[in-house]
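Below you'll find a set of structures to go through.
Shared between the two complexes below is subunit A, which has subunit B as its partner in the first and subunit C in the second.
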Partner chain A sequence: MRTARALLLSILVATSGCGGQQSALGSQGAPAIHVEHLILGMVAVCAAIWILVMITLGTALLRARPRTARQDDGSEKPLTMAVSAAVAATTLIIAGLTIASFYTTRGIGLADSTALTITVKGQQWWWQVFYADSSTGPGFQTANEIHIPVGRDVRLQLESPDVIHSFWVPSLAGKQDLVPGRSNSLLLRAEKPGVYRGQCAEFCGLQHSHMAIMVIAEAPGAFEGWAATQRLDAVVSADSDTAAGQASFMAKPCAACHTIRGTPAGGTTGPDLTHIGGRRTIAAGLVETTRGSLAAWIADPQTHKPGNNMPMVSLTSTELRNISAYMESLK
Partner chain B sequence: MTRDGDEFRDSSMGTAELHRRLAAIWSTPSGLWGALSTVDHKIIGRRYITTAFVFLALGGLLSMLMRLQLAQPEARFIGPDRYNQIFTMHGTNMMFLFAVPVMQAMAIYLVPLMVGTRNIAFPRLNAFSYWMYLAGGLLLWIAFVVDAGPDVGWFAYVPLSGPQYGAGKRADIWAQMITFTEVSALAIAVEIVVTVFKQRAPGMSLDRIPLFVWSMLVTSFLVIMAMPAIMVASTSLILDRLVGTHFFNPAEGGDVLLWQHLFWFFGHPEVYIIFLPAVGMVSAIVATFTRRPVFGYLGMVMALIATGVLAFGLWVHHMFVAGLPRLGESFFTASSMAIAVPAGLQIFCWLATMWAGRPVFKTPFLFVVGFMVIFVIGGLTGVMVASVPFDTQVHDTYFVVAHFHYVLVGGAVFPLLGAIYYWFPKFTGRMMSEVLGRWIFGLIFAGFNLTFFPMHILGLQGMPRRIYTYQPEMPWSGLNLFISFSAVILAAGFLLFFIDAIRSARSGSLASANPWGATTLEWATSSPPPPYNFARPPVVESLEPLSGDLETLPVASGLRVDRRELLTSSVVHASPEAREASPGDSIWPLWAALATTLMLIWSIFSPWAVVWGSVPIAITLIGWFWPKGVPEDEA
Partner chain C sequence: MKEKVSSFSNAAFALAGLLFLAVSGGILGWFRQPRELRLDPPVAADLDRFRLMPNGISGSPPESYFAIGKPYESDAYNLSQGKRLYAWFGCGSCHGDGRGGVGPSFLDGWWLYGPEMVSIVASIRDGRPHGMPSFRDRMTSEQIWQLAGYVQTIGSYTPQVAAPSRNDDEQTRPAENRGPAKILFDEGPVGVHPDQGPTP
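Presenting the complex of A and B:
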């Protein structure tokens, strides 16, 4: 089993990219670690069974046979014994695996009431994230990126206002659907700091493929610092391009769909942009956040993510440059 | 049974005279009219099988398009809208237009021959069933060609398929195609049940029924019990979309998960509806090519029935991440794992048969060996996904794509291809090529494993299903490219299979009545069989009626030869009960199917279609059932 794990991990490490880890193997959170043990154990047991069956099959087909034309009926007795034993073994193994599965479920447990609670709403095709009021300050809203403190249970409240989505960050926990009309919850926990990528796992329409989420696990102090920044309203820098960008943003249809706290922009159709410049990616994990990628996205969202709900707004090149600068400044 | 002095009975007649008279009364007239009105189960069965394989080829083409798109990250070969239609079509087509119909089609052809009767029960319903199936398939594919193909997945989860998010008529076409295929599947299921229960050859008591026939009997009961759930689901969906009912709308008191329960209450038994017939085919092939009966007949039959019963207690394992209560999920883990026991029993019985027998490595048997290798993997990954925590990681990933292709292709298509090689001489009177058969097996076996095994790894590496592309930074590009190349090998194998089938049907070497030395009744008549199957109904005295000399097979006599007549027998012991008239050719099933098609397609656009569209259906049914004034059976 150890070699199986090493083999699987080596495949994984050799191929893992820079966008944050997204794999059920090499897990970094307690729930996913429990499941990974179960996965490796079951794969090992099943592989052994398969090999045994194949050896039996090969022997049955190729063994040397007596020359007599037909067996006498007495020779069926050993076969009956063998088949009965195999069925009994199957039943025992199945029972064992079922019990192992139950214990894994129990080991994962449920988030208790003291856990940090984050509400995640799946939207076509992005993630809306709400942090509730806490002892350290009031709640706030963000999108497509969740920060969590390392070593602490986090309870995700999962809801959907449109179609079914599924929240899945495999390195930290198994998936859980976001079902309209229901509220599901998921225990999330990271043992080590890092960026863990996930993406929607339930087919949800045209851009199901581009609906990623980043979970950033950091030390409790760093997490509180991030949360404090998120609670603040947007600040406009003194830079003239940025100020012009803000004016264009408010004058154009942008503000009808997006909120930027501390400004008149209060639309709720699209993601909250108050601190978009501080997020790692835009458009639900589509590209890294840079001034260039922001400009490319704003100029033509339908080419980059065909079918998404953001329309192409006609802008002059100056307006485009200024709005991109403004977005980038919203750290 | 025999009444002396009746000149229209077969009792006193010479063989040549008997054949002449039976041919006159049972033959399908040549020409278009004859073809459209025939009720011969062999002609309809062949037609059904051929059509299903055409859909297999089309579905295969779709999968090659998907592999082309996924070979590289962020490829722009196919856009998301078309890709969603393609994977929806692939799944819908393979499940509803290929896998289920082809298994039932094999039964339409083989079951009446294997139980030694002259035609299937309700032969006109059989004709109707084929026309409905064809119409449903055409509806789906024409819609796809004109860019109105369904794009909501073969499972059509609400609300994505509901009135608010499923634009146009795409989801309606999906839902109504379901109705077509369900009607046709239910019709066949009823025919098979009645044929097996009431038309078995005298002496074929329950413990002498061939295992393939048993598997089709259990399958037919599964169809009868599972299909109504999906008809309720798809009809409710159409009502939600067309007249604004709110079955699945949480805002108005409906429930999104209700759809999933209904769909999977059908959807899981569906897997066994496809797999159990394959089990029967494997048993038939194993028995013939190991030169001995399948070990543990009673255990095999019990395993079939147990699988059929358990199949209805597993559906929630498709919903392990939907947020159901933990305790309920645990129950379904246990039941899903438990089905491995009857499956294991069958595997062990085949292994024991091979051990005790004398294997002959002809192409049909090669496919069975391939089935053993692949299906055991699929079964074991099935045990894995039955575990709730395991499933939370692999649900809706490529791991599951790999798993169910191992189960469905390995578990059903491999046996089916073996079965085609095995029964091809019976279907056509000609043999398929043994040399090409080995190549085809090799290509499909290698291509399949190279294509689908890496998908297990992709799934564990976090690649979800149903994505039209993935980003270059994800670690999936290498394996995806490898898979796409491997798929070409797999496709080449299937292409060669189609070439061999078409070539052999035209110019393969001629087959004798029993080219493989098999022991079941379909081999007791010529290849292909005459329109009346058996000149005189065979009488069965053992599980292997042909194990002795064909010339010594006992036969019954006393049937009339001036009208289509067959023997009905008792359910348990198959003691002869009556001479039953078997319906003659009729064009009315075709008209009835056309009228039903008109109503069903019209009802996609207007609820009034159900009212006015039923008028033509009523007229055609009156024509169909117009009394002829002759008694249907004589004791």
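Presenting the complex of A and C:
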């Protein structure tokens, strides 16, 4: 009884990581569901075979004959037949698993032609996201966050300007590499609204571990509303603090790397900040977006994420306070 | 029996050799060049306080630059960052791949304001007549020093130990780690200022 309880407890502990917003075993989208079925099927088949082999081995050991009795007593023929049958079964099962894997992975990559297309560029170490022009309005750019409508195929075009990254949102789709000089595509689809976390899955440098992406699946109406907000230029600063922050942002090196639509800032090296206040996290999933975390990040980026390409810009405390207030106001 | 012993000692030698390689590799890795990713703000501020000769050519860097070991000339990481900044800040739109264009070339062995770091830093930070813009408000002083270090390696007369990472795309000129590009120097000055003298 006690051992059974301990066993159950250890299984619970071991599988407690399976689930939540980033899990291949908690799939919420068609491609990920196919992959999950494939994983479970393979595990079931292999587990059954392993148990059979262990039983056979155990029986053979228990029923072993003494060495002296070994002579041709006519038991060689059934043994040959058993070995041949085992080899044939192995070939068949491996071929079956290979075919199943082939058809699953081939089937999950096909999006219909009306699918929404989003271009994702892997940068060291953040995700640049481009929404193409559509019938509802012009395209726009965002970072580290992809919004998608529920129950609709979304085709991702994956590109990279620097090194190889890999896009992996286990709850929604398989893994696909972003290779410099190529454009790979991946089908993404969510059946249920929710926030699904993804992660760069190919070692890409110092801050590979801090390169997360959030996929936010919402009802089509909510998605269109979000897209309409993103298409707008940045809000005009109303109060004096944010206006002062905007002025400092434009005068300092910030504007040379970041774009804020509707202002003179038009740099393309860093993430587009037009609606940064509306994103859940900053610095690719490093911290939640709050005025405090924005200030901490701007004050000393190399301590929070060593090696990233944002330099420490020397600011007075008033400038820092104003700029972080301005960033927070860009909803 | 004898054969058995010798094959055993062979295996032991091979194992010892592998172990030696692994350990020496580990020790070599331990001595790798450390990366200074975060420059202390007082040092960054001090890097701006270099002294330039009255004619704007040459001068002396601040003491702190020597104290931190001249990292922008000798450190491969900083040179690589400089190379990225060269692309990100659009230097190529005037200076091309280093061969020049609208702006002067770095690859013909000519330095209008001398090849010293301070001259290059001053050129980038404050701009120069005839079209070189000032990057004072667009880059931090650390970035300016990184970029200057990279620009210096493009037209360097002497080969350097440190080099930035290689290009992924087609090379249009000798790579930075190949020492001075003498052949290109011989092509003669490109876009030379009228005040400058004959070929070096």
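Rule of thumb we're sticking to: the second predicted complex is superposed on the first by the 287 of 331 C-alpha atoms of A that agree within 3 Å, B and C clash if a C-alpha of one lies under 4 Å from a C-alpha of the other, contacts with A are read in each partner's own complex, and residues count from 1 in each chain.
The criterion applied here is as follows: a contact is a pair of C-beta atoms (placed from the backbone, for glycine too) under 8 Å apart; a residue touches a chain by one contact, two chains touch by 3 or more.
None of the values given here were measured: they were computed from a predicted structure.
Asks: Using the touch criterion from the header, give the chain among subunit B and subunit C with more contacted residues in subunit A.
Replies: Larger number of subunit A residues touched: B.
Asks: Quick check on the superposed pair: does A:P180 touch subunit B, subunit C, both, or neither? Answer first, second, both or neither.
Replies: both
Asks: When the two structures are overlaid on chain A, which partner does A:A251 contact: first (subunit B), second (subunit C), both, or neither?
Replies: So A:A251 only meets subunit C here.
Asks: Determine, under the contact definition given at the top, whether A:G307 touches first (subunit B), second (subunit C), both, or neither.
Replies: After superposition on chain A, A:G307 lies in contact with both partners, subunit B and subunit C.
Asks: Just subunit B (first), just subunit C (second), both, or neither: which does A:R189 touch?
Replies: So A:R189 meets neither subunit B nor subunit C here.
Asks: Tell me which partner A:M42 touches in the superposition: subunit B (first), subunit C (second), both or neither.
Replies: first
Asks: Just to be sure I read the superposition right, which of the two partners does A:M54 touch: subunit B = first, subunit C = second, or both, or neither?
Replies: A:M54 contacts subunit B only, not subunit C.
Asks: I'd like to know which partner A:H147 touches here: subunit B for first, subunit C for second, both or neither.
Replies: After superposition on chain A, A:H147 lies in contact with neither partner.
Asks: Could you tell me if A:H275 is touching subunit B, subunit C, both of them or neither one (first, second, both, neither)?
Replies: neither
Asks: In the superposed arrangement, does A:S209 touch subunit B (first), subunit C (second), both or neither?
Replies: First partner only.
Asks: Enumerate the residues of subunit A that count as touching subunit B in its complex and touching subunit C in the other.
Replies: On subunit A, the residues that contact subunit B in one structure and subunit C in the other are 180-181, 306-307.
Asks: What residues of subunit A sit close enough to touch subunit B in their complex?
Replies: 8, 11-12, 15-19, 22-25, 32, 34-35, 38-39, 42-43, 46, 49-50, 53-54, 56-57, 59-61, 63, 65, 70-71, 75-76, 79-80, 82-83, 86-87, 90-91, 94, 97-98, 100-102, 104-105, 108, 158, 162-164, 166, 168, 170, 173-177, 179-182, 184, 197-210, 212, 285-286, 306-307
Asks: Along subunit A, where are the residues that touch subunit C in the complex?
Replies: 180-181, 251-253, 255-257, 269, 300, 302-303, 306-307, 309, 311-314
Asks: Using the touch definition from the top, list the residues of subunit B that touch subunit A in their complex.
Replies: Counting only subunit B, the residues touching subunit A are 79-81, 84, 153, 157, 159-160, 165, 250-251, 255-257, 292, 295-296, 299, 321-323, 326, 330, 333-334, 337-338, 340-341, 344-345, 347-349, 351-352, 354-356, 358-359, 369, 372-373, 376-377, 380-381, 383-384, 386-397, 457, 459-462, 464-476, 478.
Asks: Once bound in the complex, which stretches of subunit C touch subunit A?
Replies: Residues of subunit C touching subunit A: 35, 37-39, 41, 44-45, 81, 84, 88-89, 137-140, 142-143, 168.
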